[in-house]
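The same subunit A turns up in both complexes below, where it pairs with subunit B and then with subunit C.
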Partner chain A sequence: MASNGIRDRVAIVGMGCTAFGEHWDKSTADMLVESAGDAYRSAQVDPEQVDAYWLGTMGSGLSGLVLSEALKIQYKPVTHVENFCATGSEALRNACYAVACGAYDLVMAIGVEKLKDSGFSGLVVGSPAHDGARADITAPAIFSMLVPAYCKKYGVDEETLKDVISRIAWKNHANGAKNPKAQFRNEVPLEMIKASPSIAGMLGLFDCSGVADGSAAAIVCRAEDAHKYTDTPLFVKALSFVAGPSEGNKRQDYDFTTFTEVVASAEDAYKQAGITNPREEISMAEVHDCFTPTELVLLEDLGFSARGEGWKDVLDGRFDLDGPQPINPDGGLKSFGHPIGASGLRMMYEMWLQFRGEAGERQLAAPKLGLTHNLGGGPGSCVSFVSVVGK
Partner chain B sequence: MSDATPAVQRPAPHGSRDSAFFWEGCRRGVLMGQRCADCGAWRHPPRPMCPHCQSVEREEVELSGRATLYSWAKPVHPPLPMFEPGYLIALVDLEEGQRMLSNLCDVSPEAIEIGMPLEVFFVETAEGGAVHQFRPRQAS
Partner chain C sequence: MAGIVRYGSYVPYFRLTRAALGRGSGERAIASYDEDAVSMGVEAAREALRSEAGSVAGVIDTLLYATTSPAYAEKLDAGIVHAACSLPAGTTALDLGGSTRAGLTSLLAGLDLASAGRRGLLVESEVVVGAPEGERERNGGDAAAAFVLGPDAQSVVVESARASRTHELLDVWRAPDERFSRQWEARFGAETLLPLLCEVATEALQRAGLQPADLATVVVDSTNARVVRGLPAALGLKPEQVADSLAGSVGRTGSAHAGLLLARALDVAKPGDRIAVLVAADGADALILEVTDRIAIGRPRHAVDDWIASSCNDVTHHAYLKWRGVLPFEPPRRPDPDRPAAPPMHRAARWKYAFEGMRCSACGKANLPPQRVCVICGAVDQMKPESFADATCRIATYAIDRLAYSLQPPVVAAIVDFDPDGRFQSELTDVDPEKVAIGDELEMTFRRYFTADSVHNYFWKARPRR
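Now for the complex of A and B:
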């Protein structure tokens, strides 16, 4: 199977991102106008210069008209993409490929989701009805199964693992407290996290990401044109996307301590980017912390920790903002909530800020390579996206 | 928990031509499985074609209903009107080799042990339907 990648052939030259939160006063179109406007200004381009658009949204509308109507785009290609919770990343991936192949010179990837007044509490559900033989389970319940599985496989007692996942929530909230665009901007004491009401299994309220509205956008061009727009472009080193066979909940050999799809997409992305030791070579990462144990498992699936060692690295502070490999420096889904179509591009927005030295209180010293990771679905049945970006 | 009455009765599975045999089995108290008649691979939910060998020849087989508990969780939020609060969900490993998502009943969370032997039983739904559930296996 070929996956040749487009290492250093395209660059992000402008980005915009709305504040994430309960935007009862803004429509989907309002948020698109805001993030797109910020992205145009960031790249110092007029809307007329953008040749084509990729719009990621899972439940806030259908077709390219959602964007063209909002921005009054004049007869240009607008592609609507959806790929579960990785929708925003998927918009960016396809926009990058369109530029890399030479079809367009300058494009925009934009993601949006309006969850708060969708009439449904939680993430929108876009799946068609089935005949009932395929049993459904809530997201917190299926993700909660990572905890006992991890404990059993690596001999960690549940009390210790509760400390580990609570520390992940504490870290991400501490980072989000430093981010003016985050939904939740408070540090949360560890004891409050550990004592929060039960949602499912060992997951408490603070182990779950929030529900927010938001939008984020990126403008992409060929690498050789990047300096026409900015002195500090962000170059794409790798983009990987995989969908799994969705057999994990039906096969007895799946053990709930890994996302096999993430392992496959990480391996592909590292190959594209020429990375052999992600623990040492990746300076920082935004990963899909929909629930705190998800982040723990991702640390191992992405190769930041050895198998069975991630929990110790978390407790040691390896992934803190002032640690050797900060994870979710912007506050993650934990602090931003998860407006589905926007989240992948929100992650990339943090890479954009960090590499340009514009991350304020969260600014890291001289990052070399950054990674974003988006997961859609749950343990045993998901899609996974991994990007690597850098100067 | 299984003797309490939820506010809304669990809706009947609406079924399809592919899964009719499965739900019909639930109504007469038998857990049914679908297997490819050519390569022998199990599949669930039922569907017309084997995803491994593309054969449309299929067998509908009575399963033993015996399983072991692989994992479980107690979902607390969001509440669902057709379930009494405190209900348990379980991933069970069937004796025949498949894994299935269902409810775990007639056991308190404190008494649950991973790997414990389970057996299928069936509960009525609205409109005269039935769905499969699992409970600790009675000594036989």
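Now for the complex of A and C:
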């Protein structure tokens, strides 16, 4: 079982990322042109050199034409990828495999999402014709189910847990304040976070990621070619993707304090990368902080904290930018919002900057291995992506 | 002859106080935002069908559904009741209405069918929506009653006699495309209807060989309150013989009202008791019944007074008007709900309407919703259907959703674990969001989720045990 992995066989040699935010003045095509252009320039390649494309978008268009028409790609393969909120990461993963298997020499993975044109608040996902036999609740409510379950299992009182998740929001906003591409660039006082109006259960406004437009892109080649394009390529150590059987809502042994899919994909990724102690070996991580309790549970699922101990590590500042294991140094979904197709590649963009020493105020000292994690769905029923990258 | 084999009632959880309406005392029962006459009728029918010995649904061959507040002008409401109650495929089903008289006349027709050897389920249900600030809004009520009809030997109460009068009269009227009924001056209606009701009562008593004084309980209902008030004296009844009209706690529940009051009488009736049911609306009908010694084993889980006691009157007039679709309001910044599609509903009918999941024959574990491949053991196509509609369940974890749009925010959802196994993510209803906790016991209830493109979307929710 599990995957063979492509450790150190492909490298990212160029990346681009738009600012994330409410881009009333930019279309999906505009953002694609921007992030792709930045990526071409970053890798110092002409569009003609790129052999194939993977476009990740969940709702901003169908088919590869969304990209080929925007960029005027000249009769080359463009694959449209969708995998819920992990769409951007999934585009990158498939692009990496195409290079690793030798089918292409140079490819681009690009993600985009235009969320702010709908006029609706929150995320809107269309669905196929259905039987109406379901209870639709919103994303914050789905993830808020982690809170009572976590409190009960580990005997954490609600007030303490509110402190924990508020601190996660505070940390990510503090990081985002140092990031010129973030949607929200202000530090938010803890008291304001804790006092924000309830959206779902214990989750206040500041426990939820924002809604933004954005795009990010990566250019990928075989590892042996990487230095043709840049002196500081980012090597892929592991790529893992897992879709669960959607059983957490159907069987009573699932307890809503973990994402089983994340545990499985982390295990796979660590095996590929040869990691045995992620708490010590991973220097920094971008994780899917769609809601603050998600980040708390991910810390345990990814092995950064022991089971039931994540909340203490958060309060101890372990995951702060100046802590021993910074989580979401770029500000995360909290500061960037979550343009679905773009988020996974935006996470990778932070790895790109950090390993090249280009992260400005957020620059970490000599990171060894970085991790990005993306999930789509909710507790009990989700897809999960984990990558490990490094020099 | 024939009788009532089993009976059930349903009064929704919410009440609107007349103080909130600015006039009068007491309160009226109101269907919640996710209920209509069909869903309430299903709840009453489940009460009537369910017994200690299991469900009697399998013997029903005729379904009568009476209401003046149908869900559809064209499409069989009884078909939805039939599906939700898992009645046999061979059932003849019909919708009846047109007048609040339909409740009692349907019972008369159902008894005739039972005499002819049929086994009927009669469901009476009503959501009374009056024009804002009017008498009907204040004094109407929402409730349902249901009766399983069969042979004497199985009945908790048998028919002794009956009488009817049909009389053309402009009393209460409403055109098909109108929302609110209107009524002629009550003094006029009473002048005609009260004598008619006395006539049928007297005639039925004569046929039964009884005097008014022989009646243990008299249920009186009419579109006209003066008739209800005037009948006891006109017939020479003592006050203690007359069933409480529930005006202060429920309101008049249209075509379900006589049935609801009859159910309440049966809740306390003793073998040998004679009960008269008298209704005046577009004419008059009288039915005299005799309680048998089977009454002790024929009662439903909830007495009418249990339903009445289980209530919440923390509802504003404003909220009520939104629930009933009377008051336009600013829509949320969210897409309108997507109407369910006919083929998927058809394929999933046993699940959607009867809450029938599956149990894997290979490992013995529950699968909700129905699966081809067992979620526990992976066996393919080894499933046997099993209803979870009457199963009790507990909250594993929950969410209070203040972002989701609802006519009664916040939306409460929970991961619900059934006894002994099976799990389902369910919306909760009739629930106080402040009091939801892991481990809370719940029961399933049939509801109308929303209406889109005039398609009513029915499915189940969980509620705290009532």
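Methods note: the second predicted complex is superposed on the first by the 387 of 391 C-alpha atoms of A that agree within 3 Å, B and C clash if a C-alpha of one lies under 4 Å from a C-alpha of the other, contacts with A are read in each partner's own complex, and residues count from 1 in each chain.
The criterion applied here is as follows: a contact is a pair of C-beta atoms (placed from the backbone, for glycine too) under 8 Å apart; a residue touches a chain by one contact, two chains touch by 3 or more.
The structure presented is a predicted model; accordingly, all values stated were derived computationally and were not measured.
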Clash or fit (per the criteria above) of subunit B with subunit C on subunit A: clash
Subunit B versus subunit C as contact partner of A:Ala149, first or second or both or neither: both
Partner chain(s) touched by A:Lys72 [first = subunit B, second = subunit C, both, neither]: neither
Touching partner for A:Ile137 - first (subunit B), second (subunit C), both, neither: both
More subunit A residues in contact - subunit B or subunit C: C
Partner chain in contact with A:Gly119 - subunit B first, subunit C second, else both or neither: second
Subunit B versus subunit C as contact partner of A:Gly201, first or second or both or neither: both
Set intersection of subunit A contacts, subunit C complex versus subunit B complex: 121-122, 129-135, 137-138, 140-142, 144-145, 148-149, 152, 198-201, 249-252, 256
Parts of subunit A lying in touch with subunit C, wherever the complex brings them together: 119-122, 124, 127, 129-138, 140-142, 144-146, 148-149, 152, 198-201, 245, 247, 249-252, 255-256, 380
Partner subunit B, residues of subunit A touching it in the complex: 121-122, 129-135, 137-138, 140-142, 144-145, 148-149, 152, 197-201, 249-252, 254, 256
Complex contact set, residues of subunit B against subunit A: 13-16, 18-19, 22-23, 44-46, 70-71, 73-78, 89, 91, 93, 97-102, 114
Partner subunit A, residues of subunit C touching it in the complex: 332-335, 337-341, 343-345, 347-348, 351-352, 365, 367-369, 371, 375-376, 396-404, 410-411, 413, 415, 417, 421-427, 437-438, 449, 457-459, 461
